[in-house]
């Protein structure tokens, strides 16, 4: 049944008639809408966003025509838009360092089917997680990064991703700042998990900063990566309660469980085309 | 602007074309959709539910025609449907006993504007809260209930409600079982707050039962009232954490904060036409 | 029974024998310990904190001797310490501006007995809340603040507090920065509620900043006031979930419920002598 | 340092002098208390519970004498008591069926050090998880259960547990009712994870029942196993939010994350001697 499921994502200037036109279009093609969500930043002259999930027999065969014909309607509303097929799962590269909690969660959810994506390869600047990753029958590549070799390492990483047809990169506690050039050349978006409740504790060692400030909750933030460190559009955040007894190490341990949960939710929404970036914010149709 | 906001609620057998027909209809009337949510129990031959919020200039004047003309379309899909105006706020009767926490929350949210409803009168079988209610400039009626006077008391309550044009009754810790006959004659739905996480601890003294069972969370449930005690469609639930140190009295105190929050959320959704009853469940378009 | 309940709070360098000495002392006086909590920053040469709640018949009469005799023991461990009586409720001054949510919550919890304190007076730089406060039979003073009259206003506020024997000041959305001089002259500690999850969004307009950053949770922080804006020791924090649909005004509305809850919890712990300040952090024996 | 850490758990009738006597005893042995928690069901003639964690050099060598000498003091207060060593980690047998989520969580937390226990063997009535378990270098035994072979199967399970020196059994979604005889012969306590918020939805298929009742939260409960199904002392519970869109299968998927978290917390508290059973409730010194 998944083979018949398609999605249409739209954003455009809001004005009367968009939903009517789009649903009419899908109806003429014989599609049955199974989920639909919309949002407008302002009913008067705001920006309109729509996500429709529909069933259409023989979708794969018809998709090109469905897209071609849609062009005219889309143009009349000056839409940004895209169709996707649910059966065409995204291919992820997961970049890690030494910590495995966020990676394990993604691998486990992949196997249970809660994460609708392929984890096509795992890249790390350390060899530590190789055995674990291979145990899940996923390719692992160790790409070391020396003080002067970051450009070469990033080129190697991109090469490996391109070879695997990656369309989304997940930084699952990668612990390295990636270059603007790397981001430019990425074949798709990159999602990072930051181990704090952004914008609190930007940058390195958030748990040490949290301990020093004496906060009563710690958090994690999944966001799209932009050249500005920890400043990209936020997809998801969550927190857990801590108290005066928590050392920095205790915060780090407790935080792992929030990090893995927040990242897994964000990646799931992303691969199901539920996240739309609008300026520096996200609209999440969860 | 609120005067131009209307809502359309629909449920019918799912099949292709419903959204297209409805949005096309609204477009022809010049309405701009500002919020739309839908749900289908099953894409194949399930039940379909839709809530649309739209802006239409001069809505009040046009509403009757808008409804009349809709009949044909509605019939062709065998829809249950209704239009409402956001500006026509619902009129609530709140029934209480001696505890004021849930009532105060509703009164306070009414004043801040978070609760879009009129609290037209408060009824109680005890006189204790009279001064508090009058302090909010809301009519208060003490209708005592003796061992043999429940039928007369219920008649008096209904009389007072009818005189005030009530369309929703809120049992805000009323502590009395209402009769099936009373429910039948009510001019609208009744929402109750039960001080447990249903279906756990149905009936009287849930906090005593919770203490006896040694639960680690206590909860509250807002539901529509049906003749079966505590068995009506659930609108909202929430919990709070407790531990071995909580006596029954401590649970009761802690539970108040969950009860008031859960009830206030449920009533808000109800008065904004966000809740649809389907069998013994609710669809909440929050 | 409350009249017989006393509390002892201690902090000192950790070393073996503290608890044994303290409990032995209380035993010799015939006190029965009903609650005891302790914390040490480091078992080896750290700082030790203890809160003991005990029952002692005729506590009020015996307290002075109990304190006098304790001096020797306290000195031998170089303790900071204090005894308090549960029956001697703290006297609060609540400072507000125009918003009533945090204030109402304190007043309501005072009446239910969930907040063990006297709200002795309410001060505001605006007259708006006078009627509400008087409805609770609490004195209200309007002390306006002009562009050049802050020093005079603060002197007037202090005068009113001293006349009422205030020992704790609660800034319940006061919206004014108080001067370092004011803090110095305060007859006790001041607790502020900041409408963000500190250290995120320090200073003015946190909800506008939160909307701009596109966060998925908003929060509130109760902290002791120090001369550094929003940088004092944090007592309690909490958050609530928001999404892309929340305008700044929606965030402000949703945030109220977190603010009132967080402030009420913090004030309750403070007045029950459950909070110990250690450097810029708090130990909360909740 | 862990080798020097000991714990003392006590319960007895409450009366003045217990803490003083116990801390005095530990002081004479040169122990430094690093954590101490107590609870009394009622300050007047209630039951008193104490957990003390202390550091004592050469604990292993001294433990027997420490215990022997304590007998006199214990007798004078009619205490139930036990000393344990933190370094002597408990040995767990985990019983599973086909689902791996709760098991994986325990295995992963064991490796990170968040769970201070040995997972000595995994038993299952199905062979499905063998490969996964062996991947963690933990012995796996498949003990099939036929319609008439439960007694033999239980004997085999007990035999395997005895051979491994098991002291705690964890039913991590075992899906079989164990016999009263099996419980009697177990070498220690058994902890079960039930996939509902007890006492709601006792017995089989709680997610189906939850879907049918239309609840807005689902939960999980970790409890000690007693001969009464799902009625043993509750150690921990938690919930997650669901809505009308969740099918039974969706509830099952969402519930897994609560189940694994709740079970892991409960097992951690148990193996750190933080849980005391009192009647049909638990005191958890977390």
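Just so it is clear, A, B, C and D label the chains in written order, and each chain counts residues from 1 on its own.
In this section, contacts are C-beta pairs under 8 Å (C-beta built on N, C-alpha and C of every residue); 3 or more make two chains touch, one makes a residue touch a chain.
None of the values given here were measured: they were computed from a predicted structure.
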Classification of the chain B:chain D interface as same or different, half of numbers criterion: same
Interface with more contacting C-beta pairs, comparing A-C to A-D: A-C
Size of the rotation, in steps of 5 degrees, that lays the CA trace of chain A over chain B: 180
Distance from chain D to chain A - Cα centre to Cα centre, in angstrom: 37
Whole-Å separation of chain centres (CA-atom averages), chain A against chain C: 42
Of all residues in chain B, the ones touching two or more other chains: none
Category of the chain touch graph - line, ring, star, complete, other: complete
Of chain C, residues touching chain D in the complex: 14-17, 19-20, 23-24, 26-27, 30-38, 40, 43, 55
Residues of chain C that touch chain B when the two form their complex: 101, 104, 108, 112, 114, 135, 253, 256-257, 261
Complex contacts: residues of chain D adjacent to chain B: 39, 197-201, 213-217, 219, 233-239, 243-245, 278, 280-284
